[in-house]
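The same chain A turns up in both complexes below, where it pairs with chain B and then with chain C.
Let's turn to the complex of A and B:
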């Protein structure tokens, strides 16, 4: 007991506060990535292994547009829009023909797509990491360090995008179509809802969310062809811990896991801190296999 | 989509449908005229529901033709049929359980070409027919009682302003008071010129509400006559529906 207490006390309060802020910032980006993933899973029953590559593709789109125009916010919007179009095309070509088939086939299709996109990016942009300049360069003093305002802006912006997305699902005509299709695909069709296009739209929407998070993250971590891997792995953990298909669950789980990792990295290296995410995943699968916050369909 | 007056609204000929390898419909032929209420009777498992699902495009027909307003519609996706005036009320109601009553209605109402005035009119009409739905408009569909869900299923279909409603066992498991209410709405719809293909187990109600009757057995239509020619105790009814 004394050992544990001493261990906790070994971390100064300032450090814990800094790590809390770091955890929330990472958690909000992760929530943005995971909300696209959980949306696509919830409505289409597709586990999208290419989600990380859509994130990466969004970041590269951001790099290109930023290089051309120098405007970060324009890069963000353009990337989300272009990757949404690309996602729609991808869904029509690779996933629509598989509707009604064994879900395993969609895993093969999205996994194959992710390999193609990754290698395309390597071929097109090379192995060297690119960077997008931070649109907000000012900093504020947080105890002993200069904390960039951009990180706070990223967290707020992610929250705003998720909030807008929630309102869209809740009140718009397309949102009602999406929720009706999730609950009963055949009956939705019988009510005149163009289900094949709803599925395409949802995939495009999830792709746009991934791309937007890619651009937002680019100034923090750089842009390279495998950048999606870390994120999508964590996003999968978040989606499972939060309950497959539950938007609220994913957001809570994203922040929960990111905070866990941030606190863990007070004592161990960040690479080792990832272990706590997996511990959370394994414990969830053992004791609450449907996820901590699963809602019935 | 205009058709000569003599042509029925829906005409089904020699329809064969399979679920996997089991042959359910063995050549069903029937028709429904404009604004006509037609009853489809038969024991459980003779293919009545499958006939409705096949017309709606939810199950693909293996053989045979389905014509709607003079055009072949076999193979047309259900959402296109719904937009052209065919509405489907399934046996198990299939309310969107997590959507509110209002959102359930909006699935049929949020179409192109529905003006705000028309929206209000349609909503007022179903709320007048089913006052309980107005009371519960912000409640999740899954929290309604069985009878209320049935009313919502019919109301939802009415939002499409259909020319025909494929109505599958609307009174199954309902209290007598609710059965009377369903009967009333069938009559109201008919007065408005909506055709109904009514699948039912309740023989007296079907005979009273319909103009013509088809009786099915083992995946085919065995008997076809005017509803007025049949009574509940008719030997034909005993033969095909008696237990």
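Let's turn to the complex of A and C:
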């Protein structure tokens, strides 16, 4: 009894509320990364191992543009646009020849790409971490600490991007093309939808989402060449827990996993808190191997 | 990927040499060359060759899954790493350090990791298998990286190479040349064993899982059980490679548990040719040679993975059967 009481007392309510907010903020960034990954997987059958590197590339683009112009929002837009272009080129060169082959080959191709991009970043920018200044510097008082508004803005902005993206998928012409391609690639082609370009477009979109989340995260954690690895691993966990190819599932799972990790890091170091998300993954695999929110095909 | 019946080749004397005899002659010649190598090669290249063989063993172990069972594993770094740390545990605790104990501990560690990974990840197929093996190998990485008191954390563990002993027969200093011969013996033995496994009824079931899992299940084979055994076997050989690497370099480091090591094993497989067993060793050799060549020509700071990654992608797209598969097809033409 004393043990339980001590355990509860070691985490005061204030700390739990702070960690809840922290968890939601990271969860929204993760949701942005994972939704790009899910989109690419659900529509193209491509497991994008290079997704973390697109995230990292976006962050570096942000660093460069921010250094040139000093405008964070311009850096965000430019990075998303440039990485989308790069993603389109990448898809045309490395993934288009693999359409119709075993999806496993796309893992190999994107893994190769991730190695190249990571080493390029190391070679170009060096091993030292860079930082972008927060565009919103004001803070508000949350119990005993000053909480930056920027973190709240990141969560809201991520939610807005995901929402806009959902509406786009639901109502725009290109969105309808995308959904038609997911349902039946051959039929879509027969109806005159330019399927190869839809696939390229989807990859470009996913890349833009990754890049945007990279720039949003840059002021919080710094920019370095291996920053994508942590995120892509977490995004993989999220995608498996949420159910492969389910956009809603991966968003819910992203917030769920991030909250778990945030609470766990009250008691253990953040590096060890990752183990909690591994446990969530193991439990999911044990009891619902297709993921929590998998849509039956 | 299935071995085609090869036409008997005629030698000048009109004596037909069967494919089996040709294989053993080829195997003997390569083995003899590898045995003689440390006597003629300078130390740097001898060490280079030893390490290629160790990486080849790791790649070969993952070929059992990639090439024969159709499961791409990104979790071999865990087995390799547990092999390393198992060896480290044995060498740091036993007095005097015992080589065979290191192998035993390493294999036990790798088998434990393999059982854990196999139990969960064989529930999933194809890409899902690849992703879950990757995530599970990261569990071991996080544990090893953060459990500083036990594993030395980021710095890893350092120890000295044990003496080379065979009870009642040999007790000598473990010189680099002896190490090389020891590695050659184990890698050649593993190769023959894996070759035997892939040609056994068990191996045939694995290949049938690769070709058509639903049908294999319908015939009545317990597919999951076969897959778990396949992952564990593969993990044991990967663990052996880890032990050898640890003994060769006298350290165990968390970097080798990180999934990039698994990625290297997959790259060696694709470059050399999956489903050939010997191919992954060739792939490891070619990769390491190209890497050495690039860093000699352009300097140590050169990001050699950029051109090698490009070569890898080009091979995935245009030469999916790998170097050995390509050569074999070309020779049979």
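The working rule: the second predicted complex is superposed on the first by the 289 of 297 C-alpha atoms of A that agree within 3 Å, B and C clash if a C-alpha of one lies under 4 Å from a C-alpha of the other, contacts with A are read in each partner's own complex, and residues count from 1 in each chain.
Rule of thumb we're sticking to: a residue touches a chain if its C-beta (ideal position, glycine included) is under 8 Å from a C-beta of that chain, and two chains touch if they have at least 3 such contacts.
These numbers were taken from a predicted model, which means no experiment stands behind them.
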Touching partner for A:119 - first (chain B), second (chain C), both, neither: second
Dominant toucher of chain A (residue count), chain B or chain C: C
First, second, both or neither for A:192, with chain B first and chain C second: first
Which of chain B and chain C A:103 touches, first, second, both or neither: second
Which of chain B and chain C A:281 touches, first, second, both or neither: second
Contacts of A:146 with chain B and chain C, given as first, second, both or neither: neither
Touched partner set for A:179, first chain B, second chain C, both or neither: first
First (chain B), second (chain C), both or neither touched by A:138: neither
Residue ranges of chain B touching chain A (in the complex, touch as defined): 56, 58, 77-79, 82-83, 87-88, 90, 94, 96-99, 103, 106-108, 110-111, 156, 160
Residues on chain C engaged by chain A in the complex (per definition of touch): 72, 120-121, 123-124, 126-128, 130-132, 134-136, 138-139, 142-143, 145-146, 263, 266-267, 270, 301, 303, 305-306, 308-310, 312-313, 316-317, 320
In the complex with chain C, residue positions of chain A that touch it: 47, 94, 97-98, 101, 103-105, 107-109, 111-113, 115-116, 118-120, 122-123, 233, 236-237, 239-240, 244, 269, 271-272, 274-275, 278, 281-282, 285-286, 289
Chain B partner contacts - residues on chain A that touch it in the complex: 173, 176-177, 179-180, 183-184, 186-196, 297
